[in-house]
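Two complexes, one shared chain (chain A), two partners (chain B, chain C).
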Partner chain A sequence: MNRYPAADSSHAGVRRAGSLARSVLGHREVGVAVALILVFAVFFSMKRQFLGAGTLGDIVTVAAELGTVAVGVSFLMIAGEMDLSVGSNFALSGMILAMLITRAGWSPYLAFVVALACSACIGALNGAVTLTARIPSFITTLGAMMFWRGVGLFLTQGWPISVFADVPLLRWLGGGRVFSTLHISAVWWLILGGAFWMILQKTAYGNWVFATGGKKAAARALGVPVVKVKLVNFVLAGLLAGLAGCLQLGRMGSMSPVWGQDLPLEAIAAAVVGGNSLNGGVGTILGAMLGAVTMASIRIGLVMIGAPAYWYMSFVGFIVVAAVALNVKLGEVILWRR
Partner chain B sequence: MEAVTGVCQGRRGQAPSPLMEGIGLCKHFGRVAALEDVDITIQRGEVTGLVGDNGAGKSTLIKILTGVYRPDGGELWFDGARVEFSSPKGARRLGIETVYQDLALVDDMSIARNFFLGAEPQRRIGILRLLDTHRMRRVTEEALRDIGISVRSAGDEVSVLSGGERQAIAIGRIMHFGGKLLILDEPTSALSVHETNKVLGYIDEARRRGLAVIFITHNLYHVYPVADRIVVLEHGRKVGDFRKEDTCVEDLVQIVAHGVGGVRPQSEESAPDGP
Partner chain C sequence: MRRVVGLLVIACLAFMVGGLGTLASAADEMTFYVIAHAGPGDPFWAVVQRGVQDAGKTLGVRAIFQGPAGYNVPEQVSMFRAAMAAGAAGIATTISDAKAWAEPIREARKRGIPVVAINCKEPVELKGTIPYMAYIGMDEYEAGKMVAQQLLPKLKKGARVVVAIHQAGHVGLEARAKGITEVITKELGGKVEKLDITQDATQAIGILRSYLKANPDTAAIFTLGPLGAIPTIKMLRDDGLKGKVLMASFDLDPTVIQAIKDGICEGTVDQQQYVQGYMAVVELYLHAKFKLNPADYDTGRGYVIAETADVVETLVKQGYR
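== the complex of A and B ==
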């Protein structure tokens, strides 16, 4: 019953070489890896200090907050849903934490738990509305984005809010440095990314997430609780957006109700650059994290070469299209070789 | 490897107790009778071809057998016991499994991840419960090879497989997990002749392992080579129920083409023991 009798004997060597190339190129992170190398090469050729420890620390630190949001958004996107409200959620969570510490005088730890709980509830609400009203999550979370932004602006009447006191929790969240310019928030992000990578690739739940986003009907027919999977992922996307807000408050000591407006699209950009599909069912956490690092590199690199920061968005736009096009091309080549 | 349940019983001679029976099944949608007083007997180790045009009631009948619909009238018996399904889950628990065309597998996932979807093997590492990916691949490859399906690697994505290979994996999955009644919805309608023959081979293998198979098709020629008995539906009624050896394909074509037309009465005595 062997379908490839000839291939197995005479083309074994070719096949092995081919399968090695395939196993490298077959990874969805190839596109973003190439993009990242390209960005590094461009900036390094213009400014030698770009590869210094200080710069790398800056890059990973800046990537941490965007990357935390991107991990949550990717996880949700793989299950076939979207969250545009992560930016508002991010700002609101940081503001709740800051206000409870400074104005209400709460214990920072309790305030942190409450801020995260609020973010998780926003995610749960997104999921509940999307799944019960059966409307696209794009619409639900577009509405949520506006609604929670408005709530955030109302809370501080549009003013930023700062924590001037030395709060150990905030130092632990993002203020402290572990090495050179690398803030501790980056360490939390890397641990978190590792955990989510593990859940997605190495647990039964991860298998359900892929199946739910890949072909809902097939997953449901095999007993996967697809609605529950989506709801959990909405909650996690909200939770991680809130955590990112708290990390940023920890690092910067303040939060403004207008921050994070570009965050949803940046997070989606990081995800798709990293090989995640907008249609769900496909993607990796590592890719999204590398996508976030790529975007942070552009941000830091432009500052280093003295270019106006306005170019950041243009650069990111170029990378998004180029990396996705490369991924599609690689996918075709790999399929064709089979 | 799990042992495959069900023993191939004597298919000729004395009537074995059927795996599943539907007696006098009725289903109405508003004033439309989708199914009227249909009897069907499914034997272990037999392939039953369920033939009829669009709207003949094939899918209504199958949805009753698999617990998607509740019949408005009639009884269902499984393994000698009266059963009523409130959901497809109940039917699946008894080992009634359906392969829907194009809906069986998730394209962007590997064969092994598809094979174990919803029943993933796990191993404990401390407090963590992780997928046993090595076992998933090994068992998938073994199980498929065992049934006569060769795939290059269980790590390959399903999207690179042909339609026949997908059917094969869906069928292999059901055999591996101890399904008793395998229902195939138009399994060969989108396949080439070569692929069709392969899928018929897997159906044959399922039969040899003692599974009961229902093969739904609107094309008699697709099921005739592999069927043991053929049930013909038209406008929600059973217009024919034959053992293959009692008939020939030309007669059946007449019945399917010209309908009830007084050709044969709906035979209540279409029991498996023949004439």
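== the complex of A and C ==
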């Protein structure tokens, strides 16, 4: 007869609870999830309207454009590279779409394809220069950021381009609403995020991306086409930045050559808050998306409680460091317990 | 070391939560928002903010000034929407982009939130397409024409003129530039070039200096606000160009006033932005309290020259003009 049946079952229970805790804490999204819950709790406690349908719709709509860029930037960061030109690419693509519709009289659908193609080409150029000249992508895309911003200013002579006509494509991209204040751009973002999550987590290409950003020599030895993977990810980062520009044009009806200047750093911040490593090889798409929602929540929450606008920077700065520190700490705890 | 880091984190948190706490305590008062396309980092908007805060104090209501760090209309629209969601009793905003503002203002009005426009409005050809209740500010394009006309008697036919823009793409500044360009080209047959000098003073000086080196026949520089005027004045002073290259500008700040007194700057347009912030809150308050309809308010198109500089200097230093 077993003398200690209760003690055994309680040990098993503790083990089960421990493994459950490890499996939850093992997710890199935990840091950003905790940050997001904290942000929501603080703003809700101060302003009850913060959790209203209208506010949540606004938050997700704002997060959609930043989040679309952040998904592309995360994908590239996991492969060990960086793109600082996403903000200029974002503005340029929106302007190309607006100009082709209003000034050249093109079909909006064709203009949309051309705008996206231009963005993908900018991404491809970033990749080609970085990989052939073997210079850090930080430098290549820093140059690209300035170059394409200048091109945008030259094309429009500084003026924003507005599309005043009712263009169904723009309504479909971001102008239309699906519920309360939630714009359709948020739906595209969620679908896109889901697709990129699937690619990263469930396909061989996803494994290649992780391997490319991790140990490059080992990845090469395993037959991973490192250069091709990086190039494709540069193209995807450019493409998504361009798509985000088109989504914003859809929502606002205008695009200025100077918009999206903070976008590269905000997208990187969203990715890092979401558990993506600046060194590559590690990261998650879901985390980056939650990072974008966190940043949009801070932006809107601070206005709602009447805080000075500049607190946004301080809050984001604090959240970036806190979420990353939490992720590192959790990583250590899990390793130690194993 | 860990203790020091821990203490710093706690201090940061305490500062943030403490700050938020003072905001929360006043959360149920009647709240008015004034939302601009840039924030009080620009001396111009610091004066508007002061007008907003003074009106709030005088009327005993909560008056909040908000604006993104740099010129950013999508961020400004997000702030406007957040103010709507927060249940604002009235909102004033700058019409920084005619297309982008049409829908949010329409929605606010549909939800019964009064909206007035300040500082800049939609172009003439789109007049009436955005349902704000009143406009409090000056006409940028007309002001551009006015400042150019002030300098006409001192310029020769066919003169080369530079318009130094510090926020390329900003609708109001572009309209000022357009007004200047039209007058100089039509009246003088002059050559006008628009130069993006950025908001960075060091870069601005470098850009202007190299332009003047390449084009020594430049007769005048128009700057479109203090962020453009301050580096331009420094360059004209350092390079001894007083009297050789004329300068005129928009808006007041202590450096510009001093330059006018010193004869480096011919004059500057005063749009009395304190009134824009102050009257926006007053008109919104009167509407919320007594259903009095807001009315257009021309904040003036004064032109400050050497003879009038002393009068306004004290007020500029105090942050009212």
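The definition used in the following text is that the second predicted complex is superposed on the first by the 323 of 338 C-alpha atoms of A that agree within 3 Å, B and C clash if a C-alpha of one lies under 4 Å from a C-alpha of the other, contacts with A are read in each partner's own complex, and residues count from 1 in each chain.
Please note the rule applied: contacts are C-beta pairs under 8 Å (C-beta built on N, C-alpha and C of every residue); 3 or more make two chains touch, one makes a residue touch a chain.
It should be emphasised that the depicted structure is a prediction, and the values quoted were computed from it without experimental measurement.
On the superposed chain A, the two partners chain B and chain C both fit, without a clash. Of the two partners chain B and chain C, more chain A residues are in touch with C.
When the two complexes are overlaid on their common chain A, residue A:224 makes contact with chain B while staying clear of chain C. When the two complexes are overlaid on their common chain A, residue A:214 makes contact with chain B while staying clear of chain C. Contacts of A:299 after superposition: chain C is touched, whereas chain B is not reached. By the touch criterion defined above, A:109 reaches neither chain B nor chain C. When the shared chain is aligned, chain C comes close enough to touch A:160, but chain B does not.
Once chain A of one complex is fitted onto chain A of the other, the partner contacts of A:181 are limited to chain C, with no touch recorded for chain B. Of all Cα pairs spanning chain B and chain C in the superposition, the closest are 26 Å apart. Contact residues on chain B toward chain A in their complex (touch as defined above): 88-89, 92, 98, 100, 103-109, 113, 116-120, 122, 129-131, 133, 145, 148-150, 152, 156, 159-160. Residues 9, 12, 16-17, 19-20, 23-24, 26-27, 31, 33, 39, 41, 62, 64, 66-75, 77-79, 81-87, 97-100, 102-103, 126, 165, 167-171, 174, 194, 196 of chain C touch chain A in their complex. On the side of chain A, the complex with chain C involves touching residues 42, 45-47, 49-50, 52, 54-55, 58, 62, 65, 153, 156-160, 162-164, 181, 248, 251-254, 256-259, 261-262, 296, 299-301, 303-311, 313-315, 318, 322. Taken in their complex, chain A has these residues touching chain B: 1-4, 198, 202-204, 206-208, 210-211, 214-215, 217-219, 221-224, 281-282, 335, 338.
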